[in-house]
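A, B, C, D, E and F are the chain letters, set down in written order, and residue numbers restart from 1 in every chain.
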Amino acid sequence: MKQLQEQVARNPEGDNLIIRTAVRLLVPFIQLYGLYVIVHGHYSPGGGFQGGVVLGASFILLALAYDLKTSLRFMSERVNNLLSNLGALIFIGIALLCALLGGLFLDYAALERLIPLGAEEWHSLGIFLVELGVGLAVMSIMVSLFWDLASGGDMEEGL
Amino acid sequence: MDQLLTEIVGKYNYWLYVVLMMIGFYAMIGKRNLVKKLLGMNIFQTAIILFYVSTGVKRGGQIPILDKHAALSHGVDASQIINPLPHVLMLTAIVVSVSVTGVALAILVRIYREYGTLEEDEILEKIRS
Amino acid sequence: MNYHSSLLPLAAICISLLVTVPILLSDRKPNLRESWTLLAAIGKFCLVAIMLPSVLAGEGFVLTLAEVFPGVPIQLRVDAMGMFFALVASFLWICTSIYSIGYMRSTQEQSQTRYYASFAVAISATIGVAFSANLLTLYLFYEMLSLSTYPLVTHKQNDEARASGRKYLSYILGTSIGLVLPAMLITYSIAGTLDFTAGGILAGHASKATLALLLVLFLFGFAKAALMPMHGWLPAAMVAPTPVSSFLHGVAVVKVGVFSILRVIFGIFGPDLLRSVDLGMVITTVASITILVASLIALSQDNLKRRLAYSTIGQLSYMILGAGMLSAAGMTGGLLHIAMHAFGKITLFFCAGAIYVASHKKYISEMDGLGRRMPLTYGAFLLGSLSIIGMPPLGGFISKWHLLLGAIESQQLVLLVVLLGSSLLNAAYFFPIIYRGFFASPAEGQDLSGIQEAPLCCLIPLLTTATLSLVLFFFPGVLLQLVRQALAL
Amino acid sequence: MTATNLHLYVMVAPLLSAFAVNLLGRRSRNWIAPLALGALSFSTLGALLTLQRVLQHGGYRYTVGNWQPPYGIELVIDPLSALMLLLISAVALVATVGALKSVEQELPGREHLFFTLYMILVAGLLGLVMTGDAFNLYVLLEITSITTYGLIAMGRGRAPLASFNYIIMGSIGACFYLLGAGYLYILTGTLNMADIASILPGLQGHAAIATAFGFMMVGLWVKMAFFPLHNWLPNAYSLAPTGAGIMIAPLMTKVTVYLMIRVMFSIFAPEYTFFAHPGVQAGIVWVASLAILCASALALAQRNLRRMLTYILVAEVGYMVGGVWLANSTGMTGAVLHIVNDALMTLCLFLAAAAIVYRTGSLDFDHLRGLYRRMPLTMAAFTVGAFSMIGVPPTCGFFSKWYLILGAVEAGHWEFVVALLLSSLVNAVLFFRIIEIAYFKVNPQPSGDGLLAGEAPLWLLTPLLTAAIALLAVGIGSGPLVNQVIRLALPPGLAP
Amino acid sequence: MKVFALLATLATGIVLLYGTRDFAPWGDPDSPANSHLSRVYIERAVEETHVPNLVTAILGDYRGYDTMFETVVIYCAGMAVVCVLRRSRS
Amino acid sequence: MIWQLDQFVLLLVVVCAVAVITVRDLLSAAVIFGVYSFLMCLLWAKMGAVDVAFTEATVGAGISTVLFIAAIFRTTRRSKD
């Protein structure tokens, strides 16, 4: 492993160029696919969690192909932290909103009072919103897990 | 003997899960390398997931994704659809498993930083000295 | 006895508990601190004394603090027996307080604030034991007393003191948790209550074997009564400053142990029950052995305070012996001996302390000729020892007389022999001290010329108590009446 | 349905504050204290109201998402869980006040992370005591575990290793529980506790039920560090950051004991757990007695205050498990009361340890010399906690011990009586050893470096004294507590 | 140690296998696990939530409470790793 | 799926699991663990648990393995057992 690291250090661009280009091309598609998985979770396998992981994987791929700094340019540490909080907050917020609107906790039908769409539709929409939150949280957490583990916590250099 | 064989074949999923479970469990308590313990933990958890998933199987059943319009207009024959509940539970279990793995790996890095090894006996020796 | 609900018993207990706060706050001002101590002592005695007439008239007080278990509240109750004990204890506390002030000042002890605070808590606990209406409340105050006297025993803070403190606690806490607590629980699960009731609560509920077990657990569990073999802590606790020893012996700790045992015998078992299953024998046997062995050991002690300690062990067993006779006179004598011994023994300890303050001598063999330098102290010592030996015209005679009567009444002549024999032994270990003090000439190189009587603060209490043990012979009326009421005679 | 959402707000408040602490505390740590304390005060108040409601109108069930009970996830708010809600939120509130200062000292710059995990832990514990769903219980159990792993691993030196061992053992426990729940699911087809309980009696004699029960029990025992499975606990709890210890030690084991009670009585019935296999019941009481004795003996060998406390904690787990398995209502009363008492006692002692460590930086016995003189109030509170552990009336430890011993006498389990008494004695030895050192041994060099004279800061002292007063108050009020709350909370079907 | 681990593993395995004795055969559509709760889910979920993927429907709605905590679990893991590992760069 | 293949996957799963805990090089172990996860995922897909299989494919074979490898890079590949 050490050899490899040394090799990379000696030759920062060269050998990795093909991989980098490929990754660069691939990443948007992976992210699109991740979004699709989240959004289409109602009709096909997938959902917030799987989609979130795929989205996270795209950033991890960036970090693998380039280095940690590059991936940090795409999503800074602060944004990452914000997104993970936001994801979890969306879920709990919606659950709480249902309760505050007079229903029970997580009773999406209570959102009817906000915009009347029909109870079933609200259930569907509620699940969607919640999955979105899950996706956000999972994505950012997966990325942050990788960052920390790959850099040993100092966020300076990756693998 | 014959009976035993049918028993095994009829419930081979349980046998498989128990074997995997034992492999994982053994690694968790018997291995001295911390990463091995962690891998064992993951095997243990996948074994449990296998166990749960296999409880939901219906012979000849369809995957639990329906056709919305058909389902709304004609209803659903429950015996034709694979039980989705264990899947739901196991999605959660997988998440839990990966979370625990993540935390444990982070702690492993800290341990390595502290002691320079991941072997339990070597670490204990270092603590003693 | 009729009981009125009243806050008086609580006030009597709490006054010294509350005074710990100003004592702790006036850490730097000894005069203020000690006036608080004295104030509390006098206030407490007054509060107890206020209740005395009603109790003598057959009216008691009761106060329920909290119901903690079904059927077992934390409850205070003032009856004749409790009154008897509280009266003695709270009066002697005044003497001890005055004496403490004199002693502690002249020996310039460290951490006096802690000392006075612990003292105040301890006396609260003592009165609490006296006024407990049931075994649980008694146990509560008993533990409080054990814990608050621990800092007193360890006061000197050197290795020896710490070792004795450890010994003290392991005996006292060990037995109370290991023996009394299970005994109490067994009693509760058998009888469903823990109230002290005349005639006991166990009658008809338990087999003889269970009763015997319970009795043994209680007897040895209240290790403050120092029945052998649970006596080891007492001589060890002698490292404490002398006022503490006198407090331990005269007023509080050991008497609380005996009082608890008597309470259990009278209020939990009931004399009738014990008589019917013939368990008095157990008590008297243990007590007799303790009396004789302790007296013999006392003979061989050279350290004055240790000799007094072994004497105490023996005397305590007199009280238990009296109760164990289960005869009217015997029980009267046992109970009365609590007071008589208290006055006598506290005098002796005060004297020991005064001798130490004046001459820094601890060993009897060094005290030759000292009596001539300190005639008042030695005179008081004489009175105290005579009272304990049981000579007329001193208070000790009354209780011992009752004990003898009780032995005859219960037709146990062995006990008669024990009582008389041990009185002789008592004389044998006390008279040499007095003899050497007055008549022996000082050893070679001993210069006694600089020694004079202890300060007034030490002298007054010991003279008071000595006088009182004389007075009690002539006027035992109130105490005797309380005892009679307590035993419902 | 006119159910209230109040109990859920009790749980959600700390959860939301966790995110707020994470976001705002990152900018300035001044945000942390008001957010955390505000949320926990709200929770405590809510829990109090919930308990009051439950006591007046009886327990109720609540289905999240307004589904029919077995289909949605059901929450059970009965007197017992309401009591636990109050206990957890109140202890957490007091502990947080103490933790603030000590975290500021030990983990500068990472306070917001610490308190994020910390508040989620509180929320997890609160959720855990409410849930009526076997699988939801697993998820919440893992939440509390993961946060605990993280909190413990934040400690210095050997803490990560201890945390790793905890992860391995905790995962085994959780996996075992999950397996047990899976077996029940296969047999009954449901995960709702009440639903399982209604189906199980029809399945008498199935080997799988025994397996499921066994695995769930062993899983929980691992998590609560019941004696032969306790190895992970002393290291984990004694090496954790002080602030984390204050919170984790009083609550984690106690809540797991509560879960054991839940599983035993809400899923299985006493007829099954106790009376179907009397040998097992007797055996577990024996093991509990052994647990108490061994843990007490191990505590004797320790030379560090916090380590000693952790072994006592293991012994206390033996108290509670034994009390529950005595299979009579007196023992159960004792166990439930001891859950409350032990939480408070542990809180008091760990807070005292935190205060000492804050001032002197060490908890080794040798460094405790002369501490009474320097920190009189801290040590006074410590003494109260110690008395409670020993079981001196009127501190609350005495009263639960009373019920436990009485229950053991009623059940004829004398070995448990002996174990309880001996452990009280050992506790006396343990604590008086410390009191002696701290009170009667004079510090040879009072001006050693780091040995700052003086009392702990007010932020630590206030919760400490609160806890000490609570010990006395609960002790004196244990009569009403038992009569008006715990008696209602006892699961039905026990021998009287 | 290894022997002990092996024994414990074997014992656990045997007990677990022993427990499977009473289970319905594999793939049986009428086993309790496949009939009690799940039947209702399958029959009603689409109608009640308009989500054809049953797993999503149950995950997001019927057992949404679990999923909420699942999110919290992963969030915890992220925060815990940051706690344990990350060194501030200031 | 053809049943022989099915049996083969079953066998391979066990072989992989054993390999994971016996291989002395941790990096190999992690990679084999990825393979193991992937096989598991096949097994579940065959059982009809598409969602679980999808998740396992992304998490078990993907993220988990990557995390393991990342951690092993940061520490050591060596293992004594």
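Just so we're on the same page, contacts are C-beta pairs under 8 Å (C-beta built on N, C-alpha and C of every residue); 3 or more make two chains touch, one makes a residue touch a chain.
This one's a predicted model, so the numbers in the text were calculated from it and none came from an experiment.
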Return the chains shared as contacts by chain C and chain E, ordered by label.
D
Which chain has its C-alpha centre farthest away from the C-alpha centre of chain F?
C
Need the central chain here, defined by C-alpha centroid distance to the all-chain C-alpha centroid.
D
Chain of greatest Cα-centre distance to chain E
C
For the pair chain A and chain F, the C-alpha centroid-to-centroid distance in angstrom is 23
Please tell me the distance, in whole Å, between the geometric centres of chain B and chain F computed from their C-alpha atoms.
11
Please report how many Å separate the Cα centroid of chain E from that of chain F, as a whole number.
19
What are the residues of chain F that contact at least two other chains?
50-51, 55, 59, 63, 67, 70-71, 74
Residue numbers in chain E touching two or more further chains are 16, 20, 23, 31, 33-35, 37-38, 41, 47, 50, 52-53, 55-56, 59, 61, 63-67, 70, 72-78, 80-82, 84-85
Which residue numbers or ranges of chain C touch two or more of the other chains?
none
Touching residues of chain D toward chain E in the complex: what are they?
15, 22, 64-65, 67, 70-73, 109-110, 113-114, 116-117, 120, 123-124, 127, 133, 135-136, 139-140, 142-143, 146-147, 149-151, 153-154, 160, 179, 183, 185-191, 199, 206-208, 210-212, 214-215
Chain D-facing residues of chain C, complex:
65-70, 73-74, 136, 139-140, 143-144, 147, 150-151, 154, 157, 161-162, 165-166, 169-170, 173-174, 177-178, 181-182, 185-186, 188-189
Which residues of chain A touch chain F once you look at their complex with the stated criterion?
1, 45-47, 49-50, 53-54, 56-57, 60, 64, 142, 145-146, 149-150, 152, 159
Would you tell me which residues of chain B are touching chain F in their complex?
12, 16, 19-20, 23-24, 26-27, 31-33, 35-36, 38-40, 42-43, 46, 49-50, 53-54, 56-58, 61-65, 82, 86-87, 90-91, 94-95, 98, 101-102, 105-106, 108-109, 112, 117-119
Where on chain D does chain B make contact in their complex?
135, 138-139, 142, 145-146, 149-150, 153, 157-158, 160-161, 163-164, 167-168, 171-172, 174-175, 178-179, 182, 185-186, 191
